[in-house]
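What follows is chain A paired twice: with chain B in the first complex and chain C in the second.
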Partner chain A sequence: MYNYISYIVPMLLCSAFIIVTLGHKYKKLNFNVTIIALLSSLIFTLLSLPKLLNEGIIIYQLSGWQAPFGITVAVDGIGFLILSLIFLIGLIVAFISKHEIKKRRYQFYTLFMFYNVGLVGMTITGDIFNFFVFLEISSMSAYILSSFNRDKPAFESSIKYIIIGSFASSIFLIGIAMLYGMYGTLNMADLMMKIVPGFGNNIPLALILTGLFMKGAIVPFHAWKPDVVKSNPASFGLAISATSTAVSLYAIFRFVYTVFGAFYFSKMLIYIALLTMFVGAVMALQQKDLKKMIAYSAISQSGYILFGFGLGMMENIGFVSAIYHLINTVIIDAVLFISAYIISQHFKTSDMSKMGYISRQNKLFTVTFGVALLSLTGIPFLNGFASKWMLYIVSLSLYPFAAFVSFIVSVITLAYSFKAFHLIFLNDKRDYEKTPLFIPLSHKVMLAVLLVIMLVLGFFPDLGLQLSQNIIDLSLSRDLYLMGVLS
Partner chain B sequence: MSLNIVSSSFFGNGFYTASLLFIIFSIFIYWIIEREPSLRDKASREMYVCGNKADPDQYRVNEHSFYKTIINYFKLDIIKQAHSGKLSMYLLWVLFGLIIIGFILMWF
Partner chain C sequence: MIVISYYAAVIFMALGIYAVVSKENLIKKIIGLNIFTMGIHLFLIIIGFKENGIAPIITALNSNYFVISSVDPLPQALVLTSIVIDLSVTALALITATLVYDKFKTIDTNKINKLEG
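And then the complex of A and B:
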């Protein structure tokens, strides 16, 4: 079967080149090329599904150089899911930014393409140093994008992001260097074979994980994210919150589970996950700014996903619930960020205390936002419920205290969701806004589709659970990965 | 130990229940969309306490301070104070996190 995955990165790079060279002259080209590139990448990913189902893992040795000497492309079940999410969210980001970005569009789309190249590369590579290079490509693009507004808050957040991100990259690189010094290889499968279980592995693993936690905004490495989301376009906020976090969490799974097989690491992942979900939720509760609240909420939800990964080290069903929650979180984040764009455009601010009364202007929009917030909380018959319920069930059998904490966090989530909903949609302190709420057609379509997905997954959670189970079945075999790459 | 949650239907035999709820939910959404908006004018927003006119801002619970009691009781505002926005503080968090991760890894 033909290997489509390896064409995605060159295609995205070519599109970035086309946009940067011709985009400032032919304005319509920016959006069109971005959409074509992302759509083609999504189609290429979906076309590789039969190969994945047939062989269990997609392996491609670049230029025919066999591992461990050449660069390997390896995509398993979770990798396939993450690629699909990157392109789907990429398409949503492109549609939001079409209305949101008025100036220097070609710069935005070029950088966004590079950002996606980095994320795709991190997902598909089977080489640790290659992973670092793609991490840097996505980070560099994100640093520049985070100052896109060119105002003081954007520059401040960008500087913070650059310093914290560079620190993380350095730590990550030191971890790689230590591994190379210890085992003499950078190929993940080769490392799997050569790694001798023992205390010595813990330090490079800790350094690598610190870098990944920083990229995924896991507490206590999360501080850059709310500032960046607040002071930048909502479209970039969605990219940072949904895809970047998803790729980082996937990388954590890849390193801890596949490469190191560090099952003893589950406790630490669970502790960090509990801290992340709690701090994220408490901070979201205390926010006045809508974008910042969504950013903290995304941090809290990534804690739930990490929690599932930690539980999955002991009981596979933990991975299933984590993957299902990842899918749900990405869908909810997409709804919240599209809504944040519409709301902040309407009120010309993202300060929730200056908002109100939208419920009178657009009922369906109100319902969609409300459903997204309730899904986030984990209310039955909405998509967030089943994944959270499974996390509670698994953790009740393994760590009852962790189940209690995660339940408390859900209550806090409900509290800040109510607060945001009341301030934005029901608050009648402010005089009724006469200006009609403008929602572009593309945004209406996206919101309607996402609302239907949330309701369908909520009423028929078996669909999502079965999908997550299939993805996990295609990802957990370490032997298959090892044999696939090295044979 | 094996938890078999996925193999059976999540709602048990609740497919028809779910369908029914879905229909009810759809009707509810339709009802919300279709009903006439009842705008509250200034007069209807006035508050009365013991028969006297009261200033709404004085008696109304502010959305931001609604959870203040709980936050203050559990001292949760410490977490907000730690998010001061200062880069030096954030780098301290990073260093603190790195030490904690290293410590836990060595401990386990």
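And then the complex of A and C:
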């Protein structure tokens, strides 16, 4: 069967090249090339689905070099899901930024394509140094994008992000160097075969995890993310909250579960996850800025996903709930950031204390935002409920305390959701009815589709559950990965 | 020789971490990042180093003792890639630092944080 996955990275790179050379002359080209590249990448990903279902894993040896010597492309179930999410979120980001980015559009789209190249590469690669290079590609374009507004907050967040981010990548590089020194290989499957269980493995694994935690904004290393999201366009905020976190969580799964088989790390992952969800929710409660609140809430939700991965090391059902929650969170994040763009465009600020009374102007928009906030909390018959409920059930039998903490965090989530909803939609300190709320057609369509998906997943949770179960079935076999890459 | 180099690598990394964490001047922080990365590069190079090793190029003369006597070429390739990445990150960080100076008229991180809240 033909291999489509390996065409995605060169295609995205070519589109970035086209935009940077021709973009500032032909204005319409920027958006069109971005959309075409992302759509065709999505189609290529979906075309490789039969191969994934047939063989259990998609393997491609780049330029015919066999596995321990060349670079391998390996995509399993979760990798396939993450790739689809990257392109879907990328399309949403492109549509938001069509209205949001007014000047220097070709710079935005070029850097956004490079960002996607990095994320796709991190997802599909089977080589740890190659992973590091793609990590740097996506990080570098994110550093530049985070100073896109060229004002004081943007530069402050950007320099903070550069220093924290490149420090984290260097720590990641020490981990790689140690692994190469210990086992003499960089290929993930080869490493998997050669690794001898023992205490010495923990140091490189911990260094690698530190780098990934910084990239994904997991709590002790989350400080850069809210500032970056606050001082930049909402479209870039969506990209960095949804896809970057998803890819780093996938990489954590790949390293801890597949490569190292370090099931004893589950307890540490669970502690960090509890810290992440708690700190994220408590900080979200204090924020006055809408974008900053959404960023902290995204951090809190990534804690839930990491919690599921930690539980999954002990019982596989934990992985299923984590993947289900990942899908739900990405959908909710998309709705929240599209709404954040519309709202901050309407009030010319993202400070929540200066907003009020949208509910009288647009009922349907109010309902959509309310549904997104309630499903973030995990109210029954909305999409966040089933996945959070599964997490509670799984953790109740293993760690009752962790289940208690995650339930408390859900209550805090409800509190800040209500606060935001009250301040933006119900608060009637001032009279805002003069200017009507403007929602572009493409945003209306996206919000409607996402609302339907949220409600469908809420009323028929079995659909999402079945999907995540199938994805997990395709990615849990370590032997299949080993055999697929090395044979 | 190898042991001393390992110590040197660790000292470089420690100095870099110290500079990044404790200095308040942005330029000093960036220099600290550079020293940290240099330590890692040294560490990578020593992993592939052999005492009295030969250059990893196979010729007709050395093919029978090549494997036992040549140094490992892979870490050198990794370091080359990593140096390029480090160069571009440093350039980007310095550009951003000058832009920060243009806007804030200072490169003291404490003052920048205070100004912006």
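Basically, the second predicted complex is superposed on the first by the 486 of 487 C-alpha atoms of A that agree within 3 Å, B and C clash if a C-alpha of one lies under 4 Å from a C-alpha of the other, contacts with A are read in each partner's own complex, and residues count from 1 in each chain.
Note that in this section a contact is a pair of C-beta atoms (placed from the backbone, for glycine too) under 8 Å apart; a residue touches a chain by one contact, two chains touch by 3 or more.
Note that this is a predicted model, so its numbers are computed, not measured.
Once both complexes are superposed on chain A, the partners chain B and chain C fit side by side without clashing. Between the C-alpha centres of chain B and chain C, as viewed from that of chain A, the superposed structures give an angle of 120°, to the nearest 10.
Using the contact criterion defined above for the overlaid structures, shared-chain residue A:Phe167 touches chain B and also reaches chain C. When the two complexes are overlaid on their common chain A, residue A:Pro153 makes contact with chain C while staying clear of chain B. Partner contacting the larger number of chain A residues, of chain B and chain C: B.
Applying the stated contact rule after C-alpha superposition, one finds that A:Met140 touches chain C and leaves chain B untouched. Of the two partner chains placed around the shared chain by superposition, chain C is the only one that A:Gly181 touches, whereas chain B remains out of contact.
In the superposition on chain A, A:Phe129 makes contact with chain C only, while chain B stays out of contact range.
Minimum Cα-Cα distance between chain B and chain C in the superposed model: 5 Å. The intersection of chain A residues touching chain B with those touching chain C, taken from the two complexes, comprises 159, 163, 167. Residues of chain B that touch chain A in their complex: 1-3, 5-6, 9-11, 15, 18-19, 21-22, 25, 29, 32-33, 37, 39-40, 45, 56-57, 60, 63-64, 66-67, 71, 76-77, 79-80, 83, 85, 87, 89-91, 93-94, 96-98, 100-102, 104-106, 108. Taken in their complex, chain A has these residues touching chain B: 159-160, 163-164, 167-168, 171, 199, 202-203, 205-207, 209-210, 213-214, 219-221, 223-224, 226-227, 264-265, 267-268, 271-272, 279, 282-283, 285-286, 288, 315, 317, 320, 352-353, 360, 363-364, 366-367, 381, 386, 390, 393-394, 397, 415, 419, 422-423, 427-429, 432, 455, 459-462, 465-466, 468-469. Those residues of chain C that touch chain A in the shared complex are 13, 20, 26, 29-30, 33, 36-37, 40, 43-44, 47, 74-75, 78, 81-82, 85, 88-89, 92-93, 96-97, 99-100, 103-104, 112-113, 115-116. Those residues of chain A lying in contact with chain C across their complex are 129, 133, 136, 140, 143-144, 147, 150-153, 155-156, 158-159, 162-163, 166-167, 169-170, 173-174, 176-177, 180-181, 186.
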